[in-house]
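For reference, chains read A, B and C in written order, and residue numbers begin at 1 within each chain.
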Amino acid sequence: MRHTRGIRLLTSGLLLASLLATAACGLSASGEDTSGEPERTGRIAGQITFRTLQLKPNFTEYVQGVIDAFEKEHPDVRVKWEDVPGEGYNEKLVADAQAGTLPDVVNLNTDSFQLLADRGMLADVAALDPKARADFVPGAWDQYRLPGRSGVYAYPWYVTPEILTFNARLYRAAGLDPDKPPTSVEQYFDHAERIADRSGGRYAAFMADPQGRLPGDWQKMGVPILDERRDAFVFDTPKAVEWVERMRDLYAKGAMPRESLTGSQDINQLYGSGRLVFGPGSPGFIKDIKDNAPKVYRETAVAPAVTGKLGHIGIYTQSLGIRKGTRHVDAAVEFAKWVTNGPNQVAFSKAATIYPSNSRGLDDPYFSDRGDGSDPETVARVVGAEQLREAGLDANTPVEWTNQVGDAVNREMHRAIKGDVRPADAVRRAQEAANRILRNQRDR
Amino acid sequence: MNRTTPAGLAGRYLTLCLMLVVMLGPIVWQLLTSLKSRQESVYDGLLPSSPTLENYSRVAESFPLFAYVGNTLVVCALAVVSNCLFASMGGYALSRAGWRGRQVVFTVLVATLMFPFESVMISMFLTVRSMGLADTLVGVWLPGAVSVLNLFIMRAAFLAVPREMEEAAVLDGASEWQRFTRVFLPSAKGALAVVCITSFMGAWDDFLWPLIVLTNSENYTLQLGLKALSGSSLVNDPRLVAAGAIAALLPMMLLFFCLQRYFFKGVGEGSIKT
Amino acid sequence: MSPAPRTSPKAGRAARRRAARAQETDHGLVHRRWWTPYLFLLPGLAMVLTFSLWPFVNTVVLSLTDAQILRGGGFVGLDNYRRALGDPAFWTALTNSVLYTAVVVPALVLMPLALAVLVERKVPGIGFFRSAYYTPVIASAVVVGLMWQWLLRSDGLVNTVLVRLRVVAEPVPFLTDGTLLLVSAMIVTIWKGLGYYMVFYLAALGNVPRSLHEAAAIDGAGALRRFLHVTIPSVKPMMLLVGTLSAISALRVFTEVYILGGESGGPGGDSRTLPFLIREVGLGFAGETGYAAAISILLFLLTLVFSLLGRRLSKGDER
């Protein structure tokens, strides 16, 4: 037995030593080369990797076509395409960044863009390609700036604008006029109240999900989110409290499916089975409904999104980032430019229900032809494009409103909407929590 | 014990069927959804109004189901073999008393059992990559080649082997390895069957780890492929998702159905008994 | 566990067996070089050291730093632990995880055993039933979530029936009340575990000597008594194993809470479990790797407590 104890001691000693001696991974920032900005050489050649977010198998043909055409144009370049499912996309990016194996050209959403750009892993495309800016719709390009830095860190790719979709039959049944949909948050709530009064519990008006509604609803109501210097949240205002109060009352009345509060319910399912009046606000959704619930599709009407005091929608694009440490800068830049150019984006829009961020692309007649005005999908396309032309960055969720902030606010809102906490207290606490998180992030 | 009244038998089947409804719910739901045609709503009603196999052919067209299943089976087979072999060897050593360091090894193993995958994922990936196994099926398999759980399952089984059997083998002059293969392994068939199932399922079900390791979609395992089918922000067709899931599930169920009799027969002879 | 009168033959037999087993667990062997066990353990240990122990050490180191995702950190001592202990979210998650384990483990030790007894008898078609009961294990989380939501939501099947039968006046908020949501998630976990652990028990039941049952039947023991006094003692080691396995998976539960309660972890985040919290803290744009590592270590300590408790329980039982 004494032997065993000796070995036990020895082993724990060794363990401790190794523990102290190792520079654990995750401690060293990452394996990515984030030192200097890459420079162009003028030679477009080499093999580059291109990663997309869940475009296979539905858009395999389109993407492969774009790649093939590019390789034909630039015979010295080989593009290796990797497609990754949406679930776990960010986790994989982080693992790759840590290992120093990010793809040369990578499809990013808002979250992953912020993560990689903030950590200095993306190349400044404005420096590599000074003329690019003119090609994109206003706002799209500026979305990829970082606070406190001069560069632009990704090419804008496809856009999904916000629109208003609703079930016109149910809308009419509530005594509302489908030709006069709400344009402000307050009106939206009024209509929802009316729907709740008339529905007899058979259907609800909209999804509660505060996570999805904020801070957009507040911005549309004219609630300031951040102070002038953008270093504190200031949304604790009577307007915001009013929003919570109305949400609470509407929730109690049954204007929202009870389980939609936590965002765990499937909106397509609810809308598609005629149990919800307001559908999700994106044109792509219309196509889903067309495919999955033909009857409800025929009852669906489309209108410009509720924009309230702002008067326009925000702009959320997918983007293509270029890895800072790429070995073939020229090939990567040319390829990203190729994928995001007008014709290629328009072709993509025709294959999927999305919009080009490229201003020349948006001029294509495809986006202004309403048909006879009876097909929801066609109308949605035109409505979406019209809104996109006037979109402004001030309607976007501010960068400071990170997931963590959203989560914290969301939790307080749940309690208030359920009626467990007074709305004024909930908003105050939400602001305190949000500011704590902001300070914590700024400190580093 | 073998007397069975008709009423008893009926009661038994009634209970069996009742349980069936509870357990089969989601699969039946998916099956029915996968049979719905494009003309009808996915969301209304349970039964397809005009059943069609169209969704299956659409999946087959757009989706290399067999390649994915093949990749998954490679990983599963590797995992089953390595777990059965290495976990029983390790479990055997752990079950024998009186060697130095046993307590330390045991503690270390328990310690590692419990880590949320997300917190160790990146360091695992870096290791696999440094071995040159990124984007390979071997890299997908390796970290799960011997699971600590299986070590413990086998250890528990070997602990239960009657001492007399081992002593008899020792008297016959059998070496340690011979005792392991001829005495212990045969009496732990039931536990081996359990190890087979857990390691197969582990490899079959895993999503996040293969996603991290694999980049080339030709190497994708089934779960990765299925995720690519399901609800993207651009396309969302529950019928396709359901058809893919059922097509992937059926071979599994068939396999289980065919193998279960062997399993439980073999199990009957083995011993995890007291 | 078994309050059977000492005079009953089967209880006597069980006691004898237990005594025999207590002896067996500690037997050593005669001819042995000290490194033989290591040879046997080599492949397993190598794998475990590389893929489990190294990340473990890594996590311990990280938990002492303020590292963020993709950004290095500096040594901060025990700050992260102090922060966790002062974080109400941590305590909620800890309570939830403990509660979860306390409910799920007994259920998963006993119910699959009952199911295994049900399908053990070879009646025609039993293979089909056995396979069918296994399917929840392989069903996709998304579909499982949809099905249970459909059953449990306020206008779902269960509530419709309850309201119709006038058992309740208002629909039960299974999915919108923090505690009930946790209970619903437990039900899903148990449901998924039934078929999985049933297979474990089937493996063990195959080894219960038929003669034991027959002897008991001759003594006039009914089915329930036979179950309690013959079946349960014979599968006890398996029950311990299932208890351990289900405790581990209960402490790791994430998916069930996520699919029923959304990404916030239930209304107000009140149903979050420890793994849920770890993911939330550690992933995402501002992921705090160091803090998440500290919570992981605390979760590990909790597991250690449970496993010691389990060992104490099983030992106490054997003496």
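Rule of thumb we're sticking to: contacts are C-beta pairs under 8 Å (C-beta built on N, C-alpha and C of every residue); 3 or more make two chains touch, one makes a residue touch a chain.
Note that this is a predicted model, so its numbers are computed, not measured.
Q: Determine, using the mean of C-alpha atoms as each chain's centre, which chain is farthest from chain C.
A: Chain centre farthest from chain C's centre: A.
Q: Hey, which pair has more contacts between C-betas, A-C or B-C?
A: B-C
Q: Quick one: chain A and chain C, Cα centre-to-centre, how many Å?
A: Their C-alpha centroids are separated by 37 Å.
Q: So how far apart, in whole Å, are chain B and chain C when each is placed at the average of its C-alpha atoms?
A: 17
Q: What residues in chain B touch two or more of the other chains?
A: Residues 100-102, 118, 123, 231 of chain B touch two or more partner chains.
Q: Give the residues of chain C touching no fewer than two other chains, as numbers and ranges.
A: 58-59, 146, 283
Q: I need the residues of chain A touching at least two other chains; which ones are they?
A: Within chain A, the residues that touch at least two other chains are 24-26, 91, 94, 98, 269.
Q: In the complex formed with chain C, which residues of chain A make contact?
A: 15, 18-19, 22, 24-30, 90-91, 94, 97-98, 111, 114-116, 118-119, 121, 201, 211, 257-259, 261-266, 269, 402-404, 407, 410-412, 414-415, 418, 420, 437, 441, 444
Q: Can you name the residues of chain B that touch chain C in the complex?
A: 1, 9, 12-13, 15-16, 19-20, 22-27, 29-30, 82, 85-87, 89-90, 92-94, 96-102, 105, 108-116, 118-120, 123-124, 127, 142-143, 145-146, 148-149, 151-153, 156, 159-160, 162-163, 166, 170, 176, 180, 190-191, 193-194, 197, 201, 204-205, 226, 230-231, 241-242, 245, 249, 252-253, 256-257, 260-261, 263-264, 267-274
Q: Within the complex, which stretch of chain B touches chain A?
A: Counting only chain B, the residues touching chain A are 38-44, 62-63, 100-104, 118, 121-123, 125-126, 129, 134, 207-208, 211-212, 215-217, 224, 227-229, 231-239.
Q: If we count contacts the way the header does, which residues on chain A are in touch with chain B in the complex?
A: 3-4, 7-8, 11-12, 24-26, 51, 54-60, 82-88, 91-92, 94-95, 98-99, 101, 160, 268-269, 272-274, 284, 287-288, 291-296, 352-354
Q: What does chain C use to touch chain B in their complex?
A: 17-18, 21, 23-32, 34, 36-38, 40-41, 43-45, 47-48, 50-56, 58-59, 115, 118-119, 121, 123, 127-140, 142-144, 146-147, 191, 194-196, 199-200, 202-204, 206-208, 210, 213-214, 217, 233-234, 236-238, 240-241, 244-245, 248, 251-252, 275, 278-279, 282-283, 292-293, 296, 299-300, 303-304, 307
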